[in-house]
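Each remark here refers to the structure printed beneath this line.
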């Protein structure tokens, strides 16, 4: 695990246009997320963002990325379809993908899920309590049966996602809503984790539990090293294995 | 269930260019599939095909379709992206979708799955044995613990699909391969069933068991009548339900 | 479905010892549950309870039961292990089972789940809001995206159950807890639905939504009529199906 | 992972009564399985067997066991119910459990599954081909898209198990059968993997791929170190977390 290579992708636009966001995340949200991973012992963490050439996600960079984290919000439509295709293809080939907060509406998440990613929401500085419902799952390592954030944006059900392979966390919100806030899927060889918290105006990505969950998720989503199966070009005529 | 409205969609091209196919399916494969459903008691079965305007899948027709069955093979790329989008949206809204055989590579199936749909294959007139692994599932009604087809095209694992919500059948092939040949997923409000058999040169869609499985699947995939949940426009700000 | 035969099983002891319960359920909780099903159009509904011979669950009665509902609380240990075995065996053979509220600690539920059924709880007259997370599932027919009960006992995560095959409802409680309050599993040929609400001191089983969910669940859990697969005596030597 | 502590449990009776078995496994099947794990780098591997006091599974030994592997066949009924209870409780608390071959009918597996574990079988020296259907899962590390054993006992569907959380391998048998031969579940905090091969008269547990799968499974099933959630005594009254 020591040689796990993570790329933290951020939209990195709110930080330039909204002083409240810049105050909370002076180096950008992606740097706060990346710092959490570095602090957690991941040696190789790089960042990339929307306004870089190819959104910072060149073939070369993706080829060197074991797990990609994704935060986007207001500019999902500015993400080039070719890059979306490239990222999704890498996930099918085994790259892990951690989708954060408003990334539920990112092109790449919707493409890999096959659903709209729609949900309900409310901005009202609400208390959020996360309940662990998959005790024993690697993503819960070091996490208590519940933890909380003092104020966050509310995301509520119905959340239009395929039923998760594993549901890890459910959130409670002060205003009467619940949300499947931590959920795992596999697509091709790649592991995907969606993790709800992280509205841009709150210091969520400095929170100890949130950082620990993202760290755990990155480790869980690491590609299997010895994997020998090719899902990219599999549709080829096959010789009989046996005379049957 | 008596008023279930089914649209059977066929590519309907092999039948015009390959005499072997026309000999087996003189009215087209879609008509054989439709006949099986009519025989099974579905009163309202219509057919549609690729070379009709809008591929026969206008908004009006889809609005009157509870369950759509899909068979395509050589012309997946001729299916208009707008129609694919329209069909997928209807599935998210609750229309059932039964994807048959080479439909694993159709645009609409790949879009809803988020994976490549890749698999391995071989044309060698192989015996196929279907084993029921979800005894008690409505799709197995009237089906024995196994049934077989004397000759079919082989489809083999690895099959690049998301892990099914329910795996119903596994196929055994003479040449040494296995395949998850009956599998269920839900996307949005819509139920999806993939069913493997149906290579164009075999009389598979006249087979009693195959017809029964498709009939069962159509009934299972029917929309829930009283459904009140809107997944299309769900991302709207929400008033607090409680003062919490 | 018109000939679906349901047996509603109740512990029927609180009603004799606790006036508050008898006031809410003068005919017993089981009769209120049964009335809800009759009202919903199930013609054949009988009741059975703990203090009857064989707990009212003779071989003859179980043989004529398509779906059994189970409410028990203070006397789980008084249920005879032989009857538990008999009920569980019938579930494996296809009988549906709807486990209600404190039935999470019943012997039969724990036996079929393989887990402790442990959870956290609090009696504080709390408001409970149910959120539908499986839009399109038959159990949600006629149910809105959320519904609520003004006061109920709280049940909270972690709930020690196997990950559900389908999670249908999540409950929100005033005091900060969430709960997987509607969940489906299959064991053998039998379908199982656990539904959370129903503390004995609240008029929960008169509630329109609660009745509708139980009615839907009973229909969903009905055995597949044409099922031909024997799971009871399956371990027998098998002749080769093919010379392979 | 370096400090992972594994206990390999074997019935260890066939070896004393059947010369064919003793010839293949002169030190006992459990020692062959244990050797495979040692060879794979697991430093702490001990063995235990049926005819030891408490079947070699004292509280002290289980307390020091992170993952237990289980092979039993002819003497399932000789396993003391108290030990079964003890092992199952340890699984709920987080100990991993790898159930091998005829262990599908062991008391502990049936208890944790809630089903009969029934299946079909045939002893006919059949070729078995394992197909990987969960590419990207840690248990497939170093495993190819298929591997085979030249001769094994056949196990065939229907296999009466709860639908797996993850299905990893499907086996093909010469005589026309298929089997879900590698499957994962979680119960409480504990991870369970069932792996089909290993009839006592074949040298299966010397096979490179079989050893690799068991090694991978043991690593996958390791308890989560930092787990803080108590599932044993969870049913206690809970103070409100929020004034809600």
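Here the chain labels run A, B, C and D in written order, and each chain numbers its own residues starting at 1.
The working rule: contacts are C-beta pairs under 8 Å (C-beta built on N, C-alpha and C of every residue); 3 or more make two chains touch, one makes a residue touch a chain.
This one's a predicted model, so the numbers in the text were calculated from it and none came from an experiment.
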Centroid-based (C-alpha) most distant chain relative to chain D: B
Self-contact between copies chain C and chain D, residue sets same or different by half: same
Rounded Å distance, chain A centre to chain C centre (Cα mean): 36
Centre distance in Å when chain A and chain D are each reduced to the mean of their C-alpha atoms: 33
Chain B residues counted as touching two or more neighbouring chains: 127, 129, 132, 134-135, 145-146, 156, 158, 163, 165-166, 173-174, 176-177, 186, 188, 229, 231, 241-242, 244
List of chain C residues in touch with chain D within their complex: 88, 92, 105, 111-116, 118-124, 126, 154, 156, 158, 160, 162-163, 165, 173-177, 185-188, 229, 231-244
Chain A-touching residues of chain D, taken from the complex the two chains share: 94, 127, 129, 132, 134-138, 140-146, 148, 165-166, 174, 186, 188-191, 223-231, 241-242, 244
In the complex with chain B, residue positions of chain D that touch it: 129, 131-135, 145-146, 156-159, 163, 166-167, 170-173, 176-178, 180, 242, 244
